[in-house]
Structures are given as C-alpha cells and as structure tokens.
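By letter and in written order, the chains are A, B, C, D, E, F, G and H; residue numbering begins at 1 in each of them.
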C-alpha cells in the first residue's frame, strides 16, 4: 500500500464512502511491510553518502552493466568490488567514468566527493601480498567520503618499522589492519593506539595458514581489547565499518 | 635511562664535562625502550576513563585481590571479568565497594561515573541464555562511561519482536548483538540500522553449534556491511570497542 | 498502535477533527510492527494445537516454573525439553499434571489430546543409546496431536531387522530416524519408503564420531532423495517438523 | 526364485512329488531377496509421478545418453541434474524433447504434466548467486507435479523485502529456502510461517564461508522449529522432499 | 511368517484346502524378511565361536545384567566392553564366572575355549598409556579363539626396541598395533612384516593430538601398504577383525 | 659390512692375524644395519608374488619409465598406479606389455599369473562414480594372484539390490567396499557376511562430503565389527590388504 | 646375542671348534638388533647430562614411584612431568630429594648440577596464565644443565614491555616463547633477535582459541624465519630442544 | 630523528642556544623508534652471512627484479624462493649470476661463500615427492654458509634404509627431515640421534592427508623429544633455523 493509496483510503473515510470497519479491515489485511518498506526507503535516502555497492563475483558483465547503469541514474557514488579484468573492460567501456583498480578488482564511479568522515582512517597492511585487500578497504573508505592514509609492509617480526609509524597510527580515528599468515599485526597495532582497530585476515600464506583461517583465529583471539574482526579478505567490509565509525 | 639520567647527561654536555660524541654514543646504546616506556605511560595517563581490567579466569582469589587492590589506589574504575562466585566472595569481602554480577561473573568498582560516550549504546541479546554475555558487554560499556540500553530475547525467528524494537535500535550510536546457535541476529539488526554493529557469537547451543563456531562463522559471513565480530562469548571486548566508537 | 487506537484515529478523520495529512503523519510514524505484532499473534492463536515449548537447558528451575506456570494459564499443551532430574522434581511438584520422561528429560503437560495428524508418524532409532533422542521426537509428535509408533534397535549392519519392519515403515506418513555412529540408517530407511524421512544424528559414539559429526555428515550426504536433516540430538525439531508434515 | 519357480514348487507339493520338509528346505535356502526384489519393483511402479533422475556429475555424455534413452522408453518424466553445457549439447541433440537450464545444469524431459501436489511450493533464494541452486529445486518440484512459485533476492539484512513477501510465503504448503554466506534466511522465513521449511545451504561466499560450511551450520542451528536441512547446494534434494510433503 | 506357519500353509496346499494361487498370494505378501530372519539366525548359529558382545557404554548395570544373563543361556562366549568399575561389580556379583579387566573395562565369560585361529595374533602397543586399548584387542581376540601375544612399549622413536622384536613380529599371522600421539608405529611395523596390520589410533596425547585425530590421520596415510585402520580407541574392532583374518 | 667382509674377518680370527677383542671391536662398530639389510632383502625375495608398485603421482613419465624398466628386469609383476593418460602413453610405448586402465590410471605388466589367493575377493562399489577406485582395488588384487569378482552400483538406499547379491557376497573370503557420499555401504555389507570387509571411502560427492571426509568418518564409525578402513580413494591399499588376507 | 655370546663364538672360530660357514650362519640368523641395542645403549651412556624423564599423565603414583626409583639408582638427573598434587605427595614422600612445582606439575631430582649449556636460555611467557608451561620449559632446561632466565608477561599488545626487554633477549643463545590466545609473541620476539626461537602454543584462551589451535596455527605461520614450533602446552619439549641447541 | 639531528641538538645544548628542558622536551617527543631503527640496522649489519630473502609467491617478475636488483648492490647473498619457471626466466635473464632450481623454485645469487656453520647439516626426505621441499631447505642452508648433506627416500616403512644411514645421521649437528603422508620420519630419526631435528611436513599425499595436515599433526605429536616443527612445505624456514643452530 503506497502513501497515495493510504491517502485515498483516508479520503474515502472522511467522505463517508467507506465506513470505519471497512477501512480497518483493509488496513488490517494490508501487507504492513509495504508501509515499512516506504519508511525504510525514505530513511535510506537520508543516509547521505552511502555508496551503492555491487559484489561482482558470480555475476556476468552484462548483469553488472545493467545494475550499475541503473544505479548511476541516482547520481550517488557507485562501487563495484571483485571484478576480474575481463568484466572490468566491459563495464568501463560501456559505462563512462569508471576507474578500475586491478589489484583488488574494484571499479569506482564518483558522483559526490564530499568528505564526511570526521577524522583520518589509516589502512595498514602487513606484507606486499596483503595489498589487494588493503586497496579494497581504502577505495571503500574513500568513496564513503573519508581521508585515507595507507601504511604498507609493517609486520610484527619487524617491530621497528611498526614503531617508526607510531605517530601516524596515533593520529588515526579508526585503523584497518590487513594481515595474512599469523595475523598478529592487529594486536601489535591495537596495543599502540586507543582508537578502534578493524582487523582483516587475508588468505595470504600457505600450508597451515589454511587460506586465512590461521590469521582469522589469531585476530579473534587478539589480546588487544580494541580489535574487532571481519571475514577473510573482506577489505570492503572493513572500509565500510571504518567509515561508519568515522562519521558517528 | 630515566628522565633524570637524561637530564644529567644533558647537563654534562652543557657543562662540557662530556663531549658530543660521547653523549651521542651513550644515547645510541641506551636501551631506547626505557624512554619509550615512559612516553607510553605518559600517554596512557591521558587516556581518561579507560578502566583497569582484570581477567579473573586462571587467577587465584589472592592474586586478584592483590592486583585489584593495587589498581584501586589509582582512583580509576576497575573491572574484574569472569570471576566465579567463590572468587567474588573473597574479593568483595576484602575490597569494599565491589559490585558482583553473578550471571557474567563481573565485579565492578566505580571511582568515576563521568559519561564520556556521545550517544547511546544498545546491547541486544537473542535469547535468555545469551544474557550473561550481554551483561558483560553492558557492564563494560557502563564503566567506560556510557549510557547503555538493553534489549533481550529478540530472535531472527520472531521477526515481529525485532521490528517492534526498531525505533530503539535506530536511536543507538553503536549496537552490540549477542547471539548463539545460528548467530543470525546481527545481520537482521545490521540491515535495520546504519550505525556500526558489533557481533558477539555465544557458545549457547548444542550439537552442530560446536560451542559457538556456527554462530561465529555466521557472523563473519554476515550479508550486512556494518557488522564486525569479536571472539565467542567476548562480551567484554564488544563493550570495550563499542565504548571507543561511542567516544570518537 | 492497537486496533482501538486505529479506530479512534479513523473516527477523528471521519469527524474532521483530524485532517488527512495529520492522520497520514501519525500512521507513517506509527511503529508499524505493533500492528504486525498483533496480526502475528492473531495468526498464532489460529495455529491450533501447536504446543508451547520451553527449552530447559541453561534455565533455573524457578525460571522454568514461572514461564511454564504462565503458559499453562492459556490451556494449551506445554512441553519442557532437556530438563535434568533435579529441575523436573521442582517443576512437577509445583505444577500439577506434569509427566516426566527421564531418558530425554522432557516434561509434558496435556491440555488438549485432539489427534490432528492425518497419518501415522514412525520414530525409528538405530541403537539403545539413541533412545533418549527418539523419545524426545516421540513425545513432541504426540503432544502435537499425532499417533506415533516407535521401532527400536534396527541398524544398518543388521539389515534383516530392518527388512522385517518394512511393512510398518511403509505405513508411515512421515518417518523420523535417529542414529549415531555412522548415521547410515536414514539412507537405508529412505530407500525402502517413499514418504519424507527426517534424519536426526545423535552424539552416540566415540573417537571419530566426534560427538555426532560423523553421523551428521553421513546423513547430509544421504544417497536417498527423501531425507532431510536436523541438528545433532535434536529429537524435538524432528518431531516438530514431522508433525507439521503430518497435518498439511 | 521367480514366481514361476515358486508355482512349480507348490504344484510339486500338491501333487506329492515333493514332501513338505523338502519344500520347506528349498524355501529356506531360496535367496529370499529375489522375491523381495519383485515386490519392491511392484511397489515402485505404484509410486506414480516420481521422475527418473540421473546425476550427471562424473558421467560421460555417452553414458548419460544411454541411461536417459533407456529411461525415456518408460514414458515417465526424466530429470538430469548437474550437466555441463558440453554434455547438455550432446544429450539434447541426441534425445529430442530435452529442455536445458544452464544455470543449474538441469535437463528436463516431460512425459506427464499431471499436477500431484496439493498446494503451492515456494522456493526462496537469498541472493542472485544462490539462483542456480534455487532453479534446481524449482525444476525438480515442477517435474514432480507441483505448482512452484519463486521469490528471489530476499536477505536477512533487508528485512523489509522479506516482510513484503510475507503473504506469499504464508500461502505456501512447503517452502524451500536457498542461502549461502551466513545462511540465516531459513530461520527468518521459518519464524513467519507455520509450514515446513527445507533449508539448502549454498556454497556462495568466500573466506570463512568455507564453501558453504558456515551456511550449513547456521541452518542446522536454526532457532525456528520448522526447519530441516539438506546438503550444501542440494537443490534437487530440497525440491524432491518438498514434493513428497506436498503430496502426502 | 514362522516356519510353523509356512509348514501349515504347505500342508493346506498338499491337502487341497488352499489352491496354489492363494498360496502364492499369501507368500507374495508375506513379509519375506521373516523368512530371511530365520535363515540369518540359522546361519548365525553356524558361525562357530563368534562371541556375543555387549557394549556397556550408556547402559545401566541392570540392563547389562539382563542382556548378558540371557545371552549366557546360549552357552557361547560373552564379552562385555567398556564397563566402568561400578557396573562390573554389579555384573560379576550377579552373574558368576565373569572376569573383569579394569584397564579396558572388559568383562569376559568363557564357555568355549576352542582355539580357532590358524596362527598367532600379535598385539603391539606404543606406550604404557595405550595398554587399555591393546588389552581390549587382546581379550577380544582371545575370546574368539586365538593365541595372542602382546608386545608393549615399542615406539618409533626407540627403533632398536622395535628391531629387537622383529622376529616375534614376523611370526605373527596378523598384527594389531595400538598407538596414540603421532600414530607412526603401524607404518614401522608394517614395513617389517608382510602380514596384514590393523592399526588402532588411541586418544592418548594432548594438545594437537586432538583426542586421537593426529594418530588416526597418520595411520590412514601410512606409507606401508599392509595397514588398515579402525576407529580411535577401538581395540575391540581390531581384535575382532584380526580374529576373522586369522580363521580364514 | 658385506658377507664377504664378515667371512674375511672370521678367517683372520681363525688364522690368528686378528685377536678376538679386535674382531669384537670391529663388529661392535660395524653398521649392523648392513647385515640387517641383507637379511631383509633375503626375506623379501621369499615374499613370492608381491608385485613391485610405482605410485605415478608427482613423477615424470621419464622417471616412471626408468624405474619400471629396471623393475621389469626382475621378471616379477609390476603395477603403476595413478598415471594420467599422457604418462601412460609414454610408458606403454616405451615398455612393451603394459596394459592401461584409464578410469583408475593403472598400468599393469604381467610376468607371473599364478593364483595365490585361497578364495575369492569381491570388490563392491556403491555408485558408478566409485568405479575408478574399485578398479584400482580389482587390478591390484588380480596382479597379486587373486580371483576377483566385482559388483557395481549397490547402494544402501536400494537395499533390494544389496540383498539380491547376498549369495555372491557370502561366497567371498574378503570383501572390498568402495563408497563415497555417506559411506554407509560397508556397514550394510559387513552385517550380511562374516568375513573381513575393507572399506574404501571415495571422494565422490559434493558439499558436506568434504572430499570424502564424510564417507571416511562414516566407515570408521561402522556398527559392523568386521570393517577396517583405508585412506580416501585408496583402492590400491584395499586390494593389497585383501590379497594378503586371502593368502594367509 | 650378547657380547659374551659373540666372544664365545669368536673363540670357537679361533679354536676351530666351529667352522667359518657355521659362524656366518649363526651370525646371519642372529637377531641383529640385539647387537644394535647394545650399541645404542653404549652410545646412550655417552649422552652426558640428558635426564631421565617420566611423563606422569595416565600413570598411577605407584607406577611412577617404581620407575623413578629404578632410574634414581643410575645417579643421573630425573624429571617427572605433569604430576598432579596427589601423585606428587606420594612420590616425594617415598623418594627423598624430589622438588615439586605445583604450577607445572614437575618433580625434579638433582644428581648432577654441571652446567653444560654454552650460553643462556631465555624463557618468555606472554601472560600470567602461560606461566605453568613456561615453568615446565625452565625446569627442563635447568635439569639439562643450563642457565635459564625468565621474562614474564610481555605481550604483543604491550609492545613497550617487549622493547624494554630487548637487551635481555638479544643476550640469549636460544629463546623459548610460550603464548596462548593469538600466539603472536614468537614472531615479535623472533624479529628482535637472530638466535633460534622455539614457540610453545598454550591452551590459554577461550572461544575461538579452540584450546590452543589458534596459537598453534599462528606460530606455524610466523613471519619470522627463526621460529620453530612444538605441540600445544609442550613446555618440556621446548626446554629439551633449547638445551640441545645450547650445547651443540 | 637522525643522528645528524641529534648531534645538532646536542650542539645547541652545549652552545646554550637551547636549554636543557627544551632539549628534553624535544627528545621526549622524538619518535624514539627512529633511534631504535638505526640501532637495529646497525645490529643487522653485524649479522654476517644472513642472506637477503625474497618470497616470490604473489609478486610479479618486475617486482622481484627490482627488489633483487637493489639487494644485490649490497654484495650479500640473495635467495629468491618459490619462483615459477616464467618468473625465473625473467629474473635470471635480467640479473646475471642467478642459479635456478626448478624443483623448489629457488633462485640463488652467491656473493660470499664463507662456511660459517660449525658442523654438518643433514637434510633427509622421506620420498621422491618430498624432494622439492628438501631442496629448498638445502639451498637455504648452503647460502647461509653450511656444509649440507642430503639423504633421500628413507621412510618409516623401510626401516632398514633408515638404519643403514644411521652413521651419517649421527654425524650431523642439526637434521632437517621433510616428510608428507603420515609424517612419521622425524620421530624415527629423532630417536636415533641426540641433535636437534627440525621437521617439515609436506603437502605430499592425498585423501586424509588433507594437504599436509596429517603430517603436521603427526610431527607436533612426535614422541621424540628433540623434534620441533615448521609450517607445511616450509623448507626455507627449516634450512634457516638449522643454519642458526649450526652457527651458535
């Protein structure tokens, strides 16, 4: 039941062309969620600056072009994640303005570059191989209106590199830490700062890393109290939550 | 090298009783971490309102009394987590002012009740059995200076109860959701709000819940983008991070 | 917003004491879930014969007495599952009419013995040790208004016992099969009948049974197409779904 | 021992050319399964409308053509599942009348379109990527003589979409829910309806989804009592059981 | 249909009081498994020397006394496995002649001490803690009519002890090897002999032994071709199969 | 120390050119394993009819040709397992007399066709997809001098097919059962016969079969006492042990 | 064959009472391992300072007293590990000179306090709860003749404490690091030093620590190249290997 | 703060252009890690003979050429691990002097062939398929200045081959043992020698080897006390630690 239908019903009641029991009956059987739906949508339009996101994995280039094309009408930012090169070629040739990031597979369409974050988000990655995940976090945080700084290649086994970045870390309002293998970096970073740290285990490693399981378990058991965790390789989720925290 | 030693060295340089190369040499071999230690401590004292926390599991009552007694000198808030009844009896009889919460095993000593959080933290739990974990999150957030509201017993299978709490949920600045079994509640809550949601899998369940593993995996795979996860039953960690987010 | 409030609002519209925009505004901000809640409850009362169920694990005897006492006012059937002996003693002494089943820990309060199932439910268990789980399924199906027949101790390694019960099995409208260890019985039963088979892995076994995991995996991989699976030891769930199937 | 042999034996008894002890002895050593085999087959021919099913995975196109060709003689419906494109090309070019569904890999041969289901089966899928599994369930249910309705793309994190489909869901006699990632949808659907819900975990996801394990565990731990589970990606099994329930 | 009923039927045929079609019809609908059941039982009685076995775990002392008492009527050997001390006290006081082995929890009743095995069975255990499992294998093999020799405490890390027992090992017709921790002994033994080796992983160990999983996996991956494996701690199964091999 | 060296030493002792202490000293420091090696080899030549086996996985065609060529000099049977087509082409073109089995990847070179097994080995497989594993078992048993009979496609869900093969099964001296998915067939077969049953879990299946883990666990937990288990897909090992049992 | 027997044989050869072929024949059939056994024992007595070790878990106090009593005759050091209090009471009352360490359950008997290690072994533990494991490592290293220094309570999340111990760490010749939860400390320590680091995962933690699995996996995936790992809670093994390294 | 800046500051103090409080204040806020960094670097240059190592997995040939080119300026040894053939072709054609090892994927650049190890390192591998991992260990140990001896193809199931290499094993100062499948070899080797043994599980195997998990668990549970473990297939780590031990 749309608002127009509701208004029409009210007018019938006022005009007496429908009695109250009839109106109640229609309302009672009205799928209330339609009303809820409207409210939610309304609220949604109030969530300024949240980009529309398309998860490309398992979709054909045509499907992605179609969805993205429709979203781009709404003049908000659009982010496509996990697009392989071939898909990206189709999408960027058909939809102008897209910027492709091959490491993470992200495609970004800017409509609104307003900075909404109140502070700086720092994205840290432990090794070179973790950079695609870090890039996904960075691109997500940027398109959500944040200033993002990245620090690459600081591992737990090279603690002096961590220490020499301490000042930059303490200036962050939220930190995203991407690490594979033993996934120990979030604890070390978490112990140096007092802001929230979002840990992203990556599937980087071999053998007993079990595709990121070792890093995931390590992070969940972090002895630093300011660490929360997202799914393995989920740079997008980390960048998204970091952005939400940075705008509260 | 303490600050006093450093000052003495400087004075020797100024007075000429030590030449610059000698001073540099001493500084170069000085275990720099002493300096760092001091700085960190200094910074630490600036972190207003962070409570001292003692994890009671695996400590004797005597050890806890001794640690807590010493911390209580510093006139900050003190939180003891996971204390069994017998331990709590010893602690509260020896250290006045402690408040014991048997469900979660927390003991709380208030020194400073300043509200530091900028908004409201809502702690949600899916079922009655998840309440001890939710209580730990609540007590942690409260002692860190937050207004906390709790919503109990709203599960994914009773979606109307979730919907009837939607307004309260949307008023939160951060939400903690504790759930065992399939751990689906954080996704449902996450889809209703746009603030960060911290998911706490609990070990509630049997059989294929594998002591919380099912809930943990469910939460890590949440289809809601605003969800991050902490360890199984880690109400403390969730309350801690929620507090940090609420004060940024 | 209750129905009375809604009616009052309508009357204000009809009488002109509230204009349509005002009414729409109130409706738009009305927490719609209240309405939904009511509808659901209404629907719920229409679900004849579904018992109220209390999962006793992790609740104190007092909590259970209180919840059960309140439910017993509504004059429907009440089922308590997984109650240890001590709890059952308290409950049955305080609430008359309860029947306790020590093997499964169920307590049953009959208010309505109408048979609602259209056919017979057969509950099979592979070994003596699986009987508590089978009992839970049986009691659940009975209190939901079904005629239940039980067959004990027919295993895959003693196929003649299975064959000698074939006629009884083919007479069932739904079959519940409880088995631990390798959990092969549901496949064997499923191949003999053409009705739906609900498989309940039990935690019976040792070593590489991994507390029911072996049985669970076996059942999920059943080569019989008519088998679905519930959680390890979840006799209640199997009895519940079997009852729903038997009344469609 | 065929029926003819049995009749011959009886005649010898009647004619006295064999005494009763001899006859009993022969019967006792008769491989009884021959008799049983016949009975089973006889019963089998009574199971009207169950299609013949070929699981294509691990079979060559030639093997499938040969098996399907033979089954198609019997003028029943034939369903081939999990056939890759190349296999399907061979099969459909050699056996006329086959309809190929590339998403799920199903090939369907209709011989009998009688509707045998007493109500409507609704197949729900959580995301676009779950659609191949849902398609397999739908095609299976259709060829078994059911009216099937599909609802795509309703997730737990977008609860309003779920709510807006509530009426359609409550009209179902059985519901199949396919979901990957955290697999929470069956619980949410299960809480809205009172009919049986068959949950199909899909391998959709990445990282800690562990190829469908997260969804599988979530569904097995569902807090909704009307949910049973089949193997990961087993749309066929879900459609099959749903059909059996719908015809009881 | 019992043999008596079958004989009666035959007599009716012979006497002409039932025609052949009627008899065939009754036979055709006779639950053939009854016949089968008889045959199996008959066959069973031909399996000389197989003991009756009761798995005590999860049974009350009374149940065990009752089952064992009945089995002891048949004057075959009876073996009860995994009986705790308290159960054994009840059983041996009520049923004379039982011999209790506290390490493995076996109770043995001898009726027939015929040696049926054609050669010697050697039971090896890696460490002192594996002895209860080895004892279960030994007792089982003995009651099944075998000469059993035991070798204790030869581990892979003490290869000279293994070598000094080589002659005894090569004299065996079948070898059972019980080992926990890394479970490497069966491979080493298997490489020394050319007879079948049955490997029993034990739950002995801690940490990454995961209650016998490490030993189990090790044995399944044995590089010796003559090794097969039974469940963790399943000394009974190993002794049973060794006995079967020894009598073929 | 070779036998010649030992003889020379003895002669020196006899001739007095070396005193006994010197001889003892040399013997004491002699790497005794050389002696042992000889004995083992000697014993080895007594193991009539054991084929030489080459596991092709991870070896180049050239390596295999070289090893096999050398083994073929010894005029014993040679078996190559797990050779892909390309490897087999090289091997069979370079080494005459090889017979290639594409399903299992085995290549067989016959030198000695003596039947050494005392009875019949029956190899059973549950489904068409399990046939490559069954073939490996069959070929192994044949080249080790056994009469092998195969039974295909008898599953637990089609128990009448199992029953109609009961006679053939009871005639076996050892049975190998290959099954994927839930791996229930060994229990069913084991319950029908009293000979040893060697269970081979196969990696056939999908989803929660976890590449054969479900079948493996099922078989390890078999409720039939005469079942032992080998590694997933290890048809060779099963055929090998079956042959050893059949010749004891 | 003992040395005496061998000497006798030689004498027979020298004296001509046995010819060389006869002697060779006896030697060839002599179980060579007896000789080997002797040699090994001889070598063993050369391994100065290796203590005799008894793993108490799963042994009765009497068994331990008996084994230890016998070992104490040999006047070497004796170490008993994992003895519960009750066992220790019996042992120390019956065998004088034993020193009991309740945290780790070790009992130590000193006979020889020679320092054999060439440098210092440092044992580090991450938290108070890891101390029992660290104590086991320390006691083991001490009884093997090493100077041991311990550093407690330095975690990855408190990096300044780690840094302030850097000098002590760099002075070590081998380092043992015990850590539970995420097990990240060995990497951090490993990055600071260039000596070998032996990592001991402990079972300290809860939830997703899975009894030490998280720490174990973390350590196996350490990004520091100088780290090797022992079993969960295996302080003994770590101390043992550290001692071996320290004496090479 | 560089050393130059520090010297300038000291000069200001000496000249009186900065008072001591000001200098202290600047020092206190100086990111101390810069100083630490210098010290570490200084120390690092003292670690003679440690090669620079590049892990090639996940890096482009260009990235590797660039990093290696820069490292080669420093005239130390450079080791690249896990480089596929295509990468190696680019690297060796662009950077002269590189030696490529296709089995392990290592590329080695020698600058300094000083022998620094005090004894011999022996690298053992269980089977031919384990040779790439053994090669990685060997090459690593060689480039770190060690004499390395390799022993191939000695398995636990062929104990005489192990015994015949006993002398060579006892001559080692450290032993690296690479083994897949059940991973039992390190225990057997460990029992023969008294030096440290570093165990490398390999991913060689199939089925229940679970890509090296079986071998890993086996080695962690080794009953030999002198065994430590590194990650699956981590030949580099084993060679690295062996080198460190050999030079202490």
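Assume a residue touches a chain if its C-beta (ideal position, glycine included) is under 8 Å from a C-beta of that chain, and two chains touch if they have at least 3 such contacts.
These figures come from a predicted structure and were not determined experimentally.
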Original post:
Looking at chain B with chain C, do both copies bring the same residues to the contact (over half shared) or different ones?
Top reply: different
**OP:** Sort out for me whether A-G or G-H is joined by the greater number of C-beta contact pairs.
**Re:** A-G
Subject >> Inter-chain centre distance, chain C versus chain D - centres from mean C-alpha coordinates, in Å >> reply: 24
Original post:
Just how far, in Å, is the C-alpha centre of chain G from the one of chain E?
Top reply: 39
**OP:** Going through chain E residue by residue, note those that touch at least 2 other chains and give them in order.
**Re:** 32-33, 36, 163, 207-209, 213, 216, 220-221, 231-232
**OP:** All pairs of touching chains, please: list them by chain label.
**Re:** A-B, A-C, A-D, A-G, A-H, B-C, B-D, B-G, B-H, C-D, C-E, C-F, D-E, D-F, E-F, E-G, E-H, F-G, F-H, G-H
Subject >> Residue ranges of chain B touching chain H (in the complex, touch as defined) >> reply: 3, 6-7, 10-11, 13-14, 16, 20, 23-24, 27-29, 32-33, 35-36, 38-39
Subject >> Of all residues in chain H, those that touch chain E in their complex >> reply: 126-127, 155-159, 162-163, 181-184, 187-188, 190-192, 205, 207-210, 213-215, 217-224
**OP:** Could you pull out which chain E residues touch chain F in their complex?
**Re:** 36, 47, 50, 53, 118-119, 163, 170, 173-174, 194-196, 198, 216, 220-221, 225-232, 236-238, 240-241, 244-246, 248
Original post:
Tell me, which parts of chain F touch chain D in their complex?
Top reply: 128-129, 160-161, 163-164, 166-167, 204, 206-209
Original post:
Within the complex, which stretch of chain D touches chain F?
Top reply: 31-34, 36-37, 40, 57-59, 63, 201, 203, 211-213, 216, 231-234
